[in-house]
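Two complexes are shown next, each including subunit A; its partner changes from subunit B in the first to subunit C in the second.
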Partner chain A sequence: MKITEEIKISDNGFVFNSKTGDSFNLNPLGLELIKQIANDKDFDIIRSEMLEKYDIDDLTFEKDFYEFCALLKHHQITLQDDPLNFV
Partner chain B sequence: MEKLKYEKPIISKITAGVPNKFGLPAKQKIISEIDGIPVPKLMEEFGSPLFVLSEKTIKDTYAEAKQAFETRYPKVQFAWSYKTNYLDAICSVFHDEGSWAEVVSGFEFEKALSNGVNGSNIIFNGPDKSEEDLTMAINHNACIHIDHFDELYLLIETTRKLNKKARVAIRVNLDAGIYPIWDRFGFNYENGEAWNAINRIMLAENLEMIGLHTHIGTYIMVASAYAIAATKLSNLYMAIHKKFDHWLKYIDLGGGFASKNTLKGAYMPGSETCPTFDEYAEAISNAIISSEIPHENLPVLFLETGRALIDDAGYLLTTVLANKRSTQGRRTMVIDAGVNLLFTSFWYNLGVFPSKEVSSHVEESTIYGPLCMNIDVIRDAINFPHAKVGDQLVIERVGAYNMTQWMQFITFRPNVILIDLEGKTHIIRKKENLDSLQSFELNPKR
Partner chain C sequence: MAKQKITLAVTGLNNTDNPGPGVPVIRGAKESEDFDVRVIGLVYENLEPGIYMEDLCDRIFQIPYPSSGSDELIERIEQIHQQEKIDVLIPNFDAELFSFMKNEQRLLDKEIHTFLPSLKQFQERDKDKLAEYGKKYGVKVPGSINLGTINQISDLEDKFDYPVMIKGQFYDAYEAGNEEQVKQAFYKISAKWGFPVIAQEFVKGTEVNVIALGDGKGNTIAAVPMRKQYITDKGKAWGGITLADEKMMELTRMLIQKTKWKGGMELELIKTNSGEYYLIEINPRIPAWVYLAVGAGQNIPDALIKLALGWDVKPMTKYKIGKMFVRYSFDMIVDLEKFAAISMNKEI
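Right, the complex of A and B next:
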């Protein structure tokens, strides 16, 4: 999963897609995750870091993470480079 | 090291919509308790979903309505509209406060009698009165409000058979300057139909004409419409006196006062736009008092308001079953209370609130009920925080019509409880079960 080139993310969670003209707001955790995704971090690593840092169980985080990723895809913020890769 | 508080990751699209001068509320409203009892405690004890009615709110609202009218008009009598909520415990609260009963079927008539209401304190409305129903009403000396000529002639025939007198009024439909005009019930004022009916009744030896009734509609947001209706009934009242030298006993303005719920499509919330009891009372009282009727012959003013007296006292407690995303990326939430319990969700944007602080982030969401039916939508668009599975929510202002128009469908109907003035809880209608439902069924042996 890659962030498309046209996406610009500010440090305060504002996202702009120069291709579509759409803009978005991220909450703090959303911003943290999108940065991790932009850095090509693997889900397992992201999960273990988050579980260590936040008061959350693994299944809830997994559910929220995939919902977040689905929204990124829906808003054309991410590209799915490998169609066989679920994430 | 102590872990940080987690909040679900969220991305929301910024859309430039029509400017809203109110904006979003700075803080999400939370209903954590009802009459001092925490919502989780109620749900733990009585299950989910759960209807909760507050006796305190009923009595406070009733007192407010009573004061509004009694300080403006000398003779006022409320009659509890059974169809709005005919659970015995609720009817009893209103009867204890002095309300008569207003019923629209033989079943409701029997229910009022079983609640200890004297037959002469029952107003019998509605277009469906069988000979058996009329016989019961005559025998109990009820006030029969005649809806149409066929009923009038059936009543004349029934009184002859019984050789008894019936106390009657007619329902009048009229143009009160609002749309739609409810002309399907009663006799029309403007075309003279009501006057013809009155003349026929006054000639009938077994009918005693005691009142005039109208019910101009439902959720009437213009108090002045009642003034027009009251003026027209006052005209008929005086016309009857002039022609027959007969003073009627009452004028019944029916119901239809709006509750504080917000109608679908309304720009402003109902709590801001609906007239108060004072405004309705001012309009009605002024119209009657300033009519031609001499002060010493002023009729008793009957009011059959239902919705405005009970809606605020009812809550539905419900639990989040699931969160989903639609193909459009829209957040949707499934709760365990469906439209089969919330008939009023078809015309109101019901207020749905969390019972505790769940998330500071709100997102436009759709709230679905649990039924496996596409129509089961409680709110199609509501700004709502991200609630988790198992979170408890409160739907407010559901006291009117939901507990009479509800339907057993797919799931059992839940417990209904009343919180009394001392803060004690009472189950006033038990949750259904398989036995209770199957007790009505017969399965022929094959």
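Right, the complex of A and C next:
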């Protein structure tokens, strides 16, 4: 999953899609996740870091993460060739 | 280098909730690095806000509506020219363009320079000819029917599903969700703008726009794409943002190259969810949001003045992405003398 090059992410969580003109506000956790994705981190690495850092179980994190990824794709923030390949 | 002094005449000072482009055109011209601009405001109504804005126009003249006849309008311009020696004239209303285009040479003989599309360019992009235009230049356009009578609604229903857009030749557009709404829009528009009334297929997507300037030889001198972020109930942009959309730019360059468009223009497009672009309208003049282009780095009014005066203008290819404009309303306190002067003397 790749963040498209038109996407600009500010440190305060403001995300701007320069191709569509859409903008979004991310909460601190969303910002942390999108930065990990932008840095091309593997899902397993993101998961292990998050599980270590936050009080969350494996299954809940995975579900929330996929939901977040689907949202990013829906808003054309990420490119995804294979719909079954979330990460 | 000293700036060249010029006198610029501009119409469209109606900065209302349906704003004309005059005021932002003047703002752009005044920011020119090459011209020291003296501004002559040309107004139709005595309450156009541009008349009363401080430091905007040096002189104001009232001119007759084009509907009272081209000759009357041009004679008034010539009369003003005798007093003020206009170098460049930028008309900003669709409805007046025809008169100025038709009299381009007459004005030029008096050394009043304009930079307008040819009559052919102007007429082939008429809303009621959009389907042929799309075919000729290879652009996707929504299907449309030109309605001359209300009886044609059944043709419309055979061809399109509701909702449909009902549009006037020059201005006004209504979304109609059923036969009754089509009738209402048809009567409203035909009473105001005449026939044909255009029924257009509704294309679902996001409206995006490009402001552009063609040099008449096929070159795109300026182009900035924008998305409206806040739209008034009249469908006017009250806020917008510049985009990084190469497809829109390509489409603009292609159209200007093929049509050899001369002058300012605005392309109104619908971008569908699948990323296709439908051309819904071409406005044959600078749009009211032109100052966004100036703010993003392309001073289109300045470039248009240079082209009108025969300067060699290089294409501007860069602009700032993510620049926004936010419009606002503002109450000016005005002395009665100014209103009286424009009402009685037709000039200030």
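Basically, the second predicted complex is superposed on the first by the 81 of 87 C-alpha atoms of A that agree within 3 Å, B and C clash if a C-alpha of one lies under 4 Å from a C-alpha of the other, contacts with A are read in each partner's own complex, and residues count from 1 in each chain.
Following the convention adopted for this analysis, a contact is a pair of C-beta atoms (placed from the backbone, for glycine too) under 8 Å apart; a residue touches a chain by one contact, two chains touch by 3 or more.
These numbers come from a predicted model, not from an experiment.
S.K.: Judging by the criteria at the top, classify the pair subunit B and subunit C on subunit A as clash or fit.
M.R.: Fit - subunit B and subunit C, as placed by superposing on subunit A, sit side by side.
S.K.: Does subunit A have more residues touched by subunit B or by subunit C?
M.R.: Touched residues of subunit A are more numerous for B.
S.K.: So, does A:Lys2 touch the first partner subunit B, the second partner subunit C, both, or neither?
M.R.: Touch status of A:Lys2: no partner.
S.K.: Quick check on the superposed pair: does A:Lys41 touch subunit B, subunit C, both, or neither? Answer first, second, both or neither.
M.R.: neither
S.K.: Taking the superposition as given, does A:Phe65 touch the first partner, subunit B, the second, subunit C, both, or neither?
M.R.: first
S.K.: With subunit A at the apex, figure out the C-alpha centre angle toward subunit B and subunit C and round it to a multiple of 10 degrees.
M.R.: 80
S.K.: Figure out whether A:Thr20 sits in contact with subunit B (first) or subunit C (second), or with both, or with neither.
M.R.: second
S.K.: So after superposition, what is the minimum Cα distance from subunit B to subunit C, given in Å?
M.R.: 6
S.K.: Touching residues of subunit C toward subunit A in the complex: what are they?
M.R.: The contact residues of subunit C facing subunit A are 206, 208, 226-227, 229, 241, 243-245, 271, 321-322.
S.K.: Which residues of subunit A touch subunit C once you look at their complex with the stated criterion?
M.R.: Within the complex, subunit A contacts subunit C at residues 6, 8, 16, 18-21.
S.K.: Taking the touch rule as given, give the residues of subunit B at its contact with subunit A in the complex, in rising order.
M.R.: It is residues 3-14, 323, 325, 328-329, 361, 388 of subunit B that touch subunit A.
S.K.: Name, in rising order, each residue of subunit A that touches subunit B in their complex.
M.R.: By the definition above, subunit A touches subunit B via 15, 22-30, 32-34, 52-56, 60-61, 64-65, 67-68, 70-72, 74-75, 77.
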